[in-house]
Amino acid sequence: MTNGITTAVTAPPSDITKRSLPASVAIHTLLILGSLLMLYPLLWMVSASVRPENEIFSSTSLIPSSIDFSSYLRGWTGLDITFGRFFWNSLVISILTVIGNVVACSLAAYAFARLHFAGRNFWFAIMLGTLMIPYHVTLIPQYVLFLNLGWVNTILPLVVPKFLASDAFFIFLMVQFFRGIPRELDEAAMMDGCSAWRIYWKIMLPLSLPVLATAAIFSFIWTWDDFFGPLIYLNDMNTYTIQLGLRTFVDSTSASDWGGLFAMSTLTLVPVFLFFLFFQRLLIEGIATTGMKR
Amino acid sequence: ADARLRLLWWGSQPRADRTNKVSQLYQTKNAGTSITGEFLGWGDYWPRLATQVAGRNAPDVIQMDYRYIVEYARRGALAPLESYMPSKLNLGDFDPAQIEGGSVDGHFYGVSLGANAASTVLNTTAFQEAGVDLPTQATTWEEFGKIGAEITKAGKRKGFFGFADGSGNEPLLENYLRQRGKALYTADSKIAFGAEEVSEWFDMWSKFREANACVPPDVQALYKDTIDTSPLTLGKAAADYAHSNQFVGFQAISKDKLALTNYMRIKPDSKGGHYRKPSMFFSVSSQSKVLDQAVDYVNFFVTNPDAALALDVERGIPESKAMRDVVAAKLDETGKVPLNYVSGLGDLAGKLPPPPPSGAGEGQVVLRTIAEQVAFGQLSPSDGGKQLVDEISRLLAKG
Amino acid sequence: MATSVVLQKVEKRYGALDVIHGIDLKIDPGEFAVFVGPSGCGKSTLLRMIAGLEEITGGALLLDNERMNEVAPAKRGIAMVFQSYALYPHMSVYKNLAFGLETAGYKKTEIQPKVKRAAEILQIEKLLERKPKALSGGQRQRVAIGRAIVREPRIFLFDEPLSNLDAELRVQMRVEISRLHRSLGNTMIYVTHDQVEAMTMADKIVVLNAGRIEQIGAPLDLYNNPTNRFVAGFIGSPKMNFLQARVEQTGEAETTIAVCGNSVRLPRRLKAEAGQSVTFGIRPEHLSVLENSGITLATVNIDLVENLGGATMLYAKTPDGQQMTIALDGQQKVERGTNVKASFDPARCHVFDASGAAI
Amino acid sequence: MSDVMRTTAPDAIKSEYGAATQGRFKRLWTANAPGYLFLLPWLIGFFGLTLGPAVISLYLSFTDFDMIQSAEWVGAANYVRIATADPKFAAAMKVTLTYVVLSVPFKLTFALLVAMALNKGVRGLPLYRAIFYLPSLLGGSVAIAVLWRQLFAGDGLVNAALAHFGIEGPSWISHPSYSIYTLVALSVWQFGSPMIIFLAGLRQIPTDMYEAASLDGASKFRQFYKITLPLLTPVIFFNAVVQTIDAFKAFTPAFIISGGTGGPINSTLFYTLYLYQEAFGNFRMGYASALAWILVLIIAIFTAFSFLTSRYWVHYDD
Amino acid sequence: MATSVVLQKVEKRYGALDVIHGIDLKIDPGEFAVFVGPSGCGKSTLLRMIAGLEEITGGALLLDNERMNEVAPAKRGIAMVFQSYALYPHMSVYKNLAFGLETAGYKKTEIQPKVKRAAEILQIEKLLERKPKALSGGQRQRVAIGRAIVREPRIFLFDEPLSNLDAELRVQMRVEISRLHRSLGNTMIYVTHDQVEAMTMADKIVVLNAGRIEQIGAPLDLYNNPTNRFVAGFIGSPKMNFLQARVEQTGEAETTIAVCGNSVRLPRRLKAEAGQSVTFGIRPEHLSVLENSGITLATVNIDLVENLGGATMLYAKTPDGQQMTIALDGQQKVERGTNVKASFDPARCHVFDASGAAI
């Protein structure tokens, strides 16, 4: 990658001031149009959540014939366990996953990106290989494994692997970014007497804040949205995540609570959206241009 | 004795509420037994069950579908229950045909939780708007085709057609074959129909399509075997085909008033196409460590009047006559529709077919695919018939 | 207890490219060694190998007589100022300075005075809270120096540490580094392109050229007695004038050579034979245009006059068309195109044979 | 992938075994220990959690395994059948390849363009960024299925828009000739993750590169083409590799949109969907495992190829 | 057709920090202007504002009398050598050099000779295929210069372009840049810390201090007639000596001041009154230790002797404890701790009032 750190960040203020009015209008128009395209699902979902149940599927209009917020109450309390519980469960798993992924994957990525050891390329290839196996076929052996460990019906199978860097995606991602950090900074740190650990902790991590934020965002959102893992490993409704909760609203073969589903789906988006808004600041604020001669 | 029972079923919250109520009742009567129930939607249910069974961690009581019971029973995942009858599992006032429905290879694996019958769901409001009379028990496919074309032609709603395209619908085809004295499969797992019957079947549907009596193929292809994707629900057609116990689900997400009727006759005097089908079973896992308790629970589930009251007809009409009577008294308007429908089938109903062979599930997929190929014009009806017979024969041979 | 640095046949290859060709060098404990040489000759590479940042392709590096080739940089006890600064962009200046100390496990209370002192020396006290990106080039360079000097390592390596500083600051920093050297007594290795720095700071100057050592010696030694033409040209600025010459007559205590069309008598013996082609070298500052100030070399024609305020440079052509630079004191009014008589101090001239060796 | 990590070894870690006082073991230890220590969590996870199941699934691919009865060794029979007697395999492969070839380039291009637009100093940027990420927030939720129908069914928004131009479109999503493209569209629409990664990558490009280029007279476009793109290649490479792997493994979109059928007429029968049907629908886990490993092989070949070519177009500065 | 550069009350603020405080400056078409000033005084910032890389917080920039504040850098027709080089890391040296030309739409066949010529001038022909990371510091700097000089822009901006080069190369590059200036006739603005570069290359030197202009003038003008103490101290190296003094007696053509305990008569009029405290300034090179070489200033005690080969620096203390530097020609044998009599040329001394202005 580039040899500057830069993660420069706040685009020069001149970028804002310099643009002429028409250009600015054009850009915003484009962005707003794009936004509408992107917002459509949200709008639709919100509208589905407040419209009468029997209109949800037969009408394509965004505007409901009448507005009714009862789906929210029904959705929240309609299951044996209230949605608050599911939110909490999802939150616990997601946050643990974020921590696990960021910590464990960055350790492995640092080893791959910067340290020299025999067999590095081999392990790197293996690591990439784990990215390629469809999970459906390892599901059952893995289930048996966790069952024997007594972990089924706990969050351990969903969380522990993350602390063991099971997500090769993030390792690979971080490797690519770590390689963009000028090696001279490592060298400077070595001269300052740093061990590999300290370089990782004090130089690598702070300088790769944007990618760590990226990993955090993805970890959180993907875990939040994941249902297959929870579906297999969480049996007791008390341990259900949001997504499992949502899916219990609908059974395609019998009467389902579609209104509740869309109401809760909408609510479900709130935490992820907030998480995203919060962490994307790190994406943007990052670090500044380096004190380096190139 | 102290026992922990695990239950697993598919369904949504209303079904769970009812089931949990039964479990409560059971627990108050059997102190020391604790019951945990897990439920999931249909789509999620099967992978989880398969995983748990494969991991030797199957729940004790498993809700089973007619389609899968053979697969699980033949592989030894389910416990044969005949030895518990009648003392521990008292199904005395069950329709014998239903006991048979829960049997595979001479062993009894599944206690039917309700009866069901294939049916046509009608949007009566749409019929009214179009000024067309509802089909009756006597209506033939030919007449139905005309009805459909009329509704389409009336054009009261945008993009609205007479009825859904049922050419790829297995129960519908089965009904058609049975009216012709054939069936889908023989008791010894062979194909029980020939190419010409299916060719004619496909041909009939092609004509409906040409006449705009049914929805065009691209609309029909939206249908994913779920209530919410039915052309009826989506407001594309005035009639679709479903199991009678799904009626409540259909009605809930439809603005219009719905009704149930039978599948059309092929000739005014043909009969015996329909049958009362177990809507779902409770089976007991062969891995269960508390077999007796599980059987006892199942017995309670289907024979206790309080339980029956709690369950209502949500899983179908109770098989036990006594329970049926208990329930019938308390049904609401919508709830009565399927009950009345099933009990009013008359000469349309025939014998329960033998349980489908393993591979039947794939057969269903093949039918759907070929029907779509015919509908989209990639295959002629006659080739479609031949291909279907070929492929299903091959599937069955493979076992 | 300073550390000795010994290089034994040290080589460096980048792929197929030989950059350092077997260097032997011994730097005594506590010595201040300055590496000079043309751009790209391998100075930084050498420093980086000593620091352990660059693998040593061949040969051995000994610190205090211990082989260090395989020892990790962090374990060598070396502080280094990088030519490219390599400041930590995410840390404030204070943090940049404190980082090495923190790493060494110093307490906050110990670190603060050290950092403050370094910041004072470097005149960057007001910048301590800034991040590197908000610093000017020279300020960054000072932080880079500071990062090394807050520590007390066995060896200091400086890679052109003052190149971006103004003259005054440069003098001050030079003095500070010398003072640091005196007070700590560490071994220091210093790369510079600045003649004044090299001459004033070094105990020992190592002249490098294309990955080889040309000469090692004390500053004045190199200035007065360069062993070859390269060193003669490299040490001293402006560069020594080299004029084609021929030996006319040799003697025990006197040699006559022909240069610029004149016969010039040098009051010393040359290891040369009559008729041999040689190069005559004389530094611009040892040429004069005053009458009676030595032996007349030639009457030269002035091409260009550069007036530096404190000195005046004359760029001239000899009668036989060779370039000659003359450095004069003060501001001299010499016109372009005029002729002047250039004379020189015969004790100050150098003669090189065809291979470039001083004779 | 042997030179993936080609680096200019900075330190003494890659050492020669000369006449040194240290023992051979100690040198091996100091050379390799830090790397393996950092890798330790991953190694534990790999050996403890990943390797076993992977090996078992590889073993299962040579068996007949219905998930309930114990597996029965059948040798290469599964592979032979895939190669010779499974028309659905070919169909699924074709669908998946189409999907990969179409969705990856479009998605990446789109993601990059939007990332570029969102990297500028526009007011309200965080909000725009979040909005553009929104589709990806929805992931594979049930709502997507309904929503996509709203867009691409016969009476959907797309046709409503086309109607303005007098075009009467079919029900795109359920037409065998077009359904795959609606899934490609879905994939492109959920461009959020590569976009975020691109954004992070753009942040790593030193601003003085642009300063230098603009003084060299380079237009914005030329700066993009000559500076941004080359300096972003590690991230582009990452996204391309990962998105391709993801596309090969794509399951959820087809599963939710086709309701797990892969229809109409297998036009959305993604490879992994087929694999899933075989495993969980038809109880042929052995066969499904064989399918999986063939997929792994295909992806691995592709990935290896990408890594091999990467040295010609990916710029690393380390 | 060269371009004029005019700054009108140009200001620069970084947040709350004022860096440039309203600078007025006019650089004539074709002029070679050199910016000098202490590290951090705002030279680079000024260049970057002219280039359009830094927003102008206040005031106006005119090129050829056209306001340029809002014009994009690419449209200003400027070439710049960055202090930080800013080489394109992904391009070979050749590509780095060719980039600007390619951008301008030159054909391959036109580009090649231009690049080759620049590479020859900069002595980097052998490096054309390398990527910047495989270059030494000085080589990188030369590529950075090359990138600017291959083009023919309206204005050249050089930000300390020679700081990492060795003395010889530096002289050569200096000559090349001057030659380029002569042949193209472009306006050039050049930042340097090197006195020699400033003195020899500039048509006009602009002395900056803390974001303000201290003086503008021709090189010798600044050297001989600094208008204030800052300029006096900044121009010339080693730095001018400043000694505390007091005016004793004023007259039309003569002033007596007390400095270092002596009364010294200066043969000129001062704008000062008797009794006023002033600063007496004398450059090291205008001090002498020879007898009879001017007015005796004081007997000073030698602290330190630096022998530079061509010159010798004496660092001494006056009887009243002030620092004094004396620059002597050649290699002088002066011992530390001895006393010498420092004398000076009264025509060469400067006197500043308490505000620092020359009087």
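Think of it as A, B, C, D and E in the order they're written, each chain with its own count starting at 1.
We adopt the following convention: a contact is a pair of C-beta atoms (placed from the backbone, for glycine too) under 8 Å apart; a residue touches a chain by one contact, two chains touch by 3 or more.
Every value quoted in this text rests on a predicted model; they were computed, and no experiment measured them.
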Checklist outcome for this item: Chain centres computed over CA atoms; the one at greatest distance from chain E is chain B
Checklist outcome for this item: Most heavily contacting pair of chains is A-D
Item to check | Chain centre separation in whole Å, for chain D relative to chain C (CA means) | outcome: 55
Item to check | Rounded Å distance, chain B centre to chain E centre (Cα mean) | outcome: 93
Checklist outcome for this item: Where chain E touches two or more other chains simultaneously, the residues are 72, 84, 86-87, 89-90, 133, 137
Checklist entry - Which residue numbers or ranges of chain B touch two or more of the other chains? => result 43, 47, 54, 224-226, 228, 234
Checklist entry - Among the residues of chain D, which ones contact at least 2 other chains? => result 9-11, 13-14, 67, 146, 155, 206, 208-209, 231, 233, 259, 279-280, 285, 315, 317
Next on the checklist: Please output the residues of chain A touching chain D within their complex, sorted ascending.
Outcome noted: 1-9, 11-13, 15-16, 24, 27-28, 30-31, 34-35, 37-42, 44-45, 48, 56-57, 60, 104-105, 107-108, 110-113, 115-118, 120-121, 123-134, 136-138, 140-142, 145, 160-161, 163-166, 169, 171-173, 176-177, 179-183, 186-187, 190, 195-197, 200, 210-211, 213-214, 217-218, 221-222, 225, 227, 243, 246-247, 250, 252, 261-262, 265, 269, 272-273, 276-277, 280-281, 283-284, 286, 289-290, 294
Checklist entry - Taking the complex as given, what residues does chain D use to touch chain A? => result 1-5, 7-11, 13-14, 28, 31-36, 38-46, 48-50, 52-54, 56-57, 60-61, 67, 114, 117, 119-123, 125-126, 128-144, 146-147, 150-151, 155-157, 189, 193, 196-197, 199-201, 203-209, 231-235, 237-238, 241-242, 245, 248-249, 251, 259, 272, 275-276, 279-280, 285, 288-289, 292, 295-296, 299-300, 303, 315-318
Checklist entry - Hey, which residues of chain E end up touching chain C in the complex? => result 14, 36-40, 42-45, 83-84, 134-139, 141-142, 159-160, 163-171, 193-196, 199-200, 219-220, 223-224, 233-239, 283, 285, 306-311, 313, 327, 329-331
Item to check | Touching residues on chain D, where the partner in the complex is chain E | outcome: 206, 208-209, 211-219, 222, 226-227, 230-231, 233, 315, 317
Next on the checklist: For the complex, give me every residue of chain A touching chain C.
Outcome noted: 5-6, 8, 182, 184-185, 187-195, 198, 202-203, 206-207, 287-294
